[in-house]
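By letter and in written order, the chains are A, B, C and D; residue numbering begins at 1 in each of them.
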Amino acid sequence: MNLYEYQAKELFKKYGISIPSGKHVASEKDLQWEKFPVVVKAQVLTGGRGKAGGIKFANDSKDLMEKGKDVLAMSIKGLKVRSLLLEEKLDIAKEYYVSVTLDRSTKRPIIIASTSGGVEIEDVPDSKIVKYWIDPTIGYSPFVGREVAFKLNLPPDESKQFQAILARMFSLYEGYDCELVEINPLVVLKNGKVLAGDAKVVVDSDSLFRHTDLSENPAERTDLEELAYKRGYALVELGGDIGVIANGAGLTMATLDGLTLKGLKPKNFLDLGGSDDVEKVVGAFQILKEAKIRAILINIFGGVTHCDTVANGIAEAKKRVGIGVPIVVRLSGVNEDIGRGILKEHGIEAYSDMMDAINEVVEVVK
Amino acid sequence: MNLYEYQAKELFKKYGISIPSGKHVASEKDLQWEKFPVVVKAQVLTGGRGKAGGIKFANDSKDLMEKGKDVLAMSIKGLKVRSLLLEEKLDIAKEYYVSVTLDRSTKRPIIIASTSGGVEIEDVPDSKIVKYWIDPTIGYSPFVGREVAFKLNLPPDESKQFQAILARMFSLYEGYDCELVEINPLVVLKNGKVLAGDAKVVVDSDSLFRHTDLSENPAERTDLEELAYKRGYALVELGGDIGVIANGAGLTMATLDGLTLKGLKPKNFLDLGGSDDVEKVVGAFQILKEAKIRAILINIFGGVTHCDTVANGIAEAKKRVGIGVPIVVRLSGVNEDIGRGILKEHGIEAYSDMMDAINEVVEVVK
Amino acid sequence: MSILVNEDTRILVQGITGHQGSFNAIQMQKFGSKVVAGTSPGKGGTEVSGIPVYNTVRDALVEKPNATFISVAAPYVLDAAKEAMYNGIDLIYILTEKVPYQDTMKIVSLANKLGKRVLGPNGPGATSPFSCKLGIMPNQIFRKGNVGVISRSGTLTYEIVNQITINGLGESTVIGLGGDPVTGMNYIDALEEFKKDEQTAAVAMVGEIGGTAEEEAAEYIKNNFNKPVVSYITGRSAPPGKRMGHAGAIISRGKGTAESKVKALEEAGVRVASYPYEIPSLLKEVLK
Amino acid sequence: MSILVNEDTRILVQGITGHQGSFNAIQMQKFGSKVVAGTSPGKGGTEVSGIPVYNTVRDALVEKPNATFISVAAPYVLDAAKEAMYNGIDLIYILTEKVPYQDTMKIVSLANKLGKRVLGPNGPGATSPFSCKLGIMPNQIFRKGNVGVISRSGTLTYEIVNQITINGLGESTVIGLGGDPVTGMNYIDALEEFKKDEQTAAVAMVGEIGGTAEEEAAEYIKNNFNKPVVSYITGRSAPPGKRMGHAGAIISRGKGTAESKVKALEEAGVRVASYPYEIPSLLKEVLK
C-alpha cells in the first residue's frame, strides 16, 4: 500500500527522521500558514507531480488561498488531488537520495544512496550510486550507516545526520513492514541541517493486521477494479473487449496470453481464487456485466474449485445476471464431466481443452 | 543491579504485565489508602522479608498509619527499610512461579515455571518445575509460551493469561538487559485473573548506559565497601584482619586464598585493576586506613600496572596516609627491579615471590 | 527416486482442525502420503481422520514427523514455522497466502541458518507420484515418470502437469514454489535437486512475470545444469505496475517482464512454449 | 604449531587511535605480531606506529586482516563485532570490559552461526610465543614450549605463565577466556584446540568461582581429552553472593563454588594446585 507524502512524513516524525515543518490540508478553510513563502504540495499517489504543476510556492495568505484552491482542484495522471501538504520553503544547498527496499533476488533489504538526488534514481548513473545489502543474520547496525556515509564521501557533520536518518529509516522499514522507504530528495540546507524533502513509503498490504493505525488508502483503481475489489475479487482492468474469468493467477494470466497471441484483446484479469462457491462465480459475471465486452471466456482447471460448482454458477448467472454476450467455457479437472453435463442442460457446450476454448472465442467475436 | 519490588512493578506496568493496584510510599505522610484491607510491604533488596515481619495487613487508616510506621522503622537482614509498597489485598486462589534468567552454561535465556509458587524455587522438587531454553537464533515466539503453559497443564483461561505475561516478561528481560525477571508468586485470583503478586528484576549494571530511566540503587554495601565504591575501587569486605591490595581479580582472589590457607583471615578484596597510577595506589591505602586490620599485603604482578608506579604509590602512602600496621610487599613483572629499589629507599624489602610475601605476613602478625 | 518428498516423508499438519488443514490432511492421506500427526492448541488428544492431534509440535514429535504442512492464518505463520524449526522439522511447507513478506524473510533466513527447507508460502507444495504429496495439488492429475516440474503458480501447474500426464509422459516430482515476492525454495534450489535425481530426465519450468528468479535460473541452467529444460512463461500480456493476482507477479521499474525471462531462458538453451499445451511435445522432443 | 594465533594471524585493531588501542597495537608489534591495520572512523588515511588507519573495516580489508582486536568503549562493542563479522574477520578478540552480557550473547550467537570465533570480552587475549600475541599479556613472561594455558583471569594468568617460564618450562599458547559471565570461547573450545595441537603436551587450566564452566570442562576432560591437565582454582575464600572483581566471579544460589570445581576436576583426573606456584611442579610431574 502506497502512503501519501503526508502520511509517510507522519511516520518519519514518529521515528525521529527530520522533516520540514508542515501541515496537512484537506479543505480550503484550512489553507492558512504563518511564515511565508510556503510550498503547496499536491498529495497524490503518483510521481511527477512537480512537472504536472502539483507543487507551487505561495508568498502570502491570499496567494496561498489561490494556489491552494488551484491544486486542490487538479487531477494528476488521472488521479484527483484530495489534499495538500503545506510546508516551509527550504533553503536548499544539496539534494541527495536514500532508500531502503527489498531486493527480491537476494531476499535481502538493500540500501540505495546517492549524492545525486532530486531526480529519479533510475536516471542516476551506477557510478554515483552506493548499494548496500543487509545481511539478515547480522541485521542493521551503526557500522552500516558509517560504511554508506563514507562511501558517499559526506562531510563529517552531514555524515552524522545521514547515519542517524538511515538508522531510523531502517527501523521504520522493519517496524512497519515496508516494501519501500525512500527519501528523494534528502535535503542538506544551507545551514547544514539534513532533512527529508519528500517521503515515499510503501507498506506491505498483507501486514496491515499489525499496523492498525494505518487505514487503507484508496489505490489507483479504475471503477471496474474498485467494484471488484469491494466485492472481494482480484480484478485488473486491461482495456480490451474479451471478458475473462479463470481460477488461479497463473492460469488466468495464461488465458490472457493465449487470447493476446490469437490477436484478441482481453478486458480483464479475474481470478476466482481457491474457492468452491456458486455465488462467487455468479458474482464474477455480475462484475463483468458492468464492462463493455464482446464475449466472456471462462477457463477452469478444477482442483479446490470443482467444475460442477462453476457450471452451476454459470447456469445461475445466465438466469439471474442476464449476460448479453456469448459465453465460452472450458472445464477440466475435478468433476469435469458433471460440470459439462450441467452446462449442456443449459445449452452450453463446454470445452475440455484450453486452446479449443480460446479458438472458439476467436470464432464468436469474428 | 537489583530493583526494588515497586520499581520492578513499574517496569511490569510499562510492559503490560498485570499487577495489583498499589502505591509507593517513602514517608509517613503518604500512608493513605482508599479500600481496605491493604497490604504494607517493606521495600528491601533481600528475600525473606515476610518471615522478618516486613509484610503486614492493615484494616483501616489508623491501622495503616501504625503498621506503616512500624515497617518504615524496621531493618531487615541489616538493611534499613526506606520505603513501602501499599497494595490491594488479593483474593488468592493459587500461587505459581515463573522467571526468565540467563543460563550461563548454555549461554541461553531460560524460562523456569512451576505451579508450586510462593516458596523459593530452590525448594520446589524438579518434577514440579518446567524449564525451557530459548534458542538464540529463533528467539522468543508465542509457541514458547504455549509449550510452557501446556507442560504446566494450566486450564485454558489461565493459560491464555500466563502466555501473555510470559511473552511480556521476555520482552522486559530483553528490553532492559535483565539478568533476572521473576514473579513469585504469580497469583491466580478467585475470579480467575492472573497477576504478579511479587516482582523481582535484576538489571545488568553494565547496561545502564542505555537505560537512563533507571537510577542506580544503593546496593547492599558495608560502609567500607560504600567508601571504596564512591572512590572507584572494587572492594569486597570479608571480615578478617589482613588488608589486601592486589591487581587483577584472579590474582587478588588467589592472594586471599593463600592467606586463608595459611590460617589468616583477610579483611578485604581490593583490586587495583588495570591502571598505572600512583594516586590509585595511595587511594587504596586511604581506604584501608579506615579498616581495622593488623597488616597489609600488597601483591602486584606488573603488566599494565608497572611495579615502579606501585612502589612510588606505597612510598607516597607511607608519607601521606600514615598507616599504623606492617606492610608486606610483593612485586613481580614489569619494572620489578626499579620498584624494589624505590621501596628499599623507603625501608621496605619487597618480595618477588608471592608465597614468600604471604609467609612474611604470617610472621608479622604472629 | 524423486526429490524433496518420498515414502520416507512423515507429514505433520499444523492447524489440522481448520478447514484447509483437515480437508488437505485427508486428501494427502488419500494420495498415499504418511500424515502422521497434526497440531491444534487445546485440541490435543482428538483426531482427524485417524490422525492424532497434539497441542504442540513438541508433543507431536512422538510421531516422528520430518515435514510440516502449515495452514494457520497469516498472522500466525511465522510462529508456526519457528515452532516447527525449533523442534527439528526439516521441511516446512506453507500453504497460507498473504503472509507479510518480512515474516517470510525471517522464516527463510532462520531456515538457512538451521539447515531447513522452506516451500512456499502461497504455493501448492510438492508431489512425487505416488510416494508422497505434501500440499494441495489435485490427486488425480499425476503419473509417475521422469519429468520434474517447477512452477510459481498453482492451477497453471495442474494444467501443465495434466497435459504432461494425458500425453503419455509422467512426473518425478512437481514443485510449486509459491506466488509471493519472497519464497523459501526457488528455481535454482529445485534444479539442484533435480540435477542429482536419477529419476528425473528433463525439467519443465513454469514461470511468470515479476522478479528475476527465472533469469537467475537461466544463468544456472546455462552453467550448471546438464538435463534438458523446457519452459512456459505466463504474463506476456500483463501491463507494468499491476499485481496479477499473485503478490509476486508484478512488473515494476522495468524489471520482471515475460520478454526478459523468455530471452534469458532461450539464451540458456531452454525451449520456451508459447502455450501451455505445447509443453508435452517440447518434452518429447528433448527426451528423444 | 600453537592454537588460535600464529605467524599467519593478521591483526586489525578496531579503535586503534584510542589509548588502549594504540598502546596495545605497539606492544603487539613489539612482540612480533603482524598488526596490519586499524580502524577509527574519520581518521582514515592516518597511521599509528606505521600501521595504516582506515575509516571502516570494509576499507581495512585491503590489508587482509583475519583477526581483530576490539578496544572500543562498551556501548560500541556489539557494533564493532558485527562490523568485523560482516566483513569476514574470523577471530574476534574483545578487550573491553563492562560489555552488557546480552550484547555478548548476541555476538556469540552470531559468531556461532557465521562460523567465527570470539575471545573475551574482558580477557587478556591469546598469545603463542613468539609467533603472535593478540591481546594485552605482558610481552616478557613467555617462553616457547609445550604447555597450553587456559584461564578466565588476567594478572593471575601472567603470574602462572611466569611461574611456568621461570621454572624452565614454556608455553604453546596462552588463552585468556575473559572474566564475564558470558564469553565467547570457553574451556572446552580451547581444550578441543589443544587436543589437536601437536605442540601442546599438557594443559594448565586456571579457573575461578562463578558459573559451571570448570565443571563442564572437567566432564569433557574425563571423556574426551587425552593430554594431562593440571589446574589452579581461585576464590576458595570468597563469600557467596559477592562479585569478586570479575562480573562472572560470583557464587550464586549455591552454584559456582571453588569446592565444586576442584572436586569435578579431581574426579576427572586433573591434579589441582593449592597455590599458583605449585603449577610448574605439577606440570613437570605429569610431563614426565
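Quick notes on this structure:
Going forward, a residue touches a chain if its C-beta (ideal position, glycine included) is under 8 Å from a C-beta of that chain, and two chains touch if they have at least 3 such contacts.
Worth saying up front: this structure is predicted, and the values here are computed from it rather than measured.
With B-D and B-C as the two chain pairs, more C-beta contacts join B-D. Work out the mean CA point of chain B and of chain D, and you get 27 Å between them.
One inter-chain figure worth recording: chain A and chain D are separated by 55 Å, centre to centre, where each centre is the mean of the chain's CA atoms. Put simply, the C-alpha centre of chain C and that of chain D have 48 angstrom between them. For chain C, the set of residues that touch two or more other chains comprises 113.
Residue positions of chain A with contacts to 2 or more other chains are 137.
A ring topology is adopted by the chain contact network, closed into one cycle in which each chain touches exactly two others. Across the complex, chain D is touched by residues 135, 137-139, 141-143, 146-147, 150, 156 of chain A. Residue ranges on chain D touching chain B, taken from their complex, read 74-75, 98-103, 105-106, 108-109, 113, 136-138, 140-141, 151-159, 162, 179, 181-182, 206, 208-209, 211-213, 216, 232, 234-239, 242-249, 253-254, 258, 274-277. Of all residues in chain A, only 102, 104-105, 107, 122, 136-137, 174, 177, 179, 204, 206-207, 209-210, 234, 236, 238, 246-254, 256-261, 266, 269, 271, 274, 301-304, 332-334, 353-355 touch chain C in the complex they form. The part of chain C that touches chain B in the complex is made up of residues 41-42, 44, 55-59, 76, 78-80, 82-83, 85-86, 110, 113-114.
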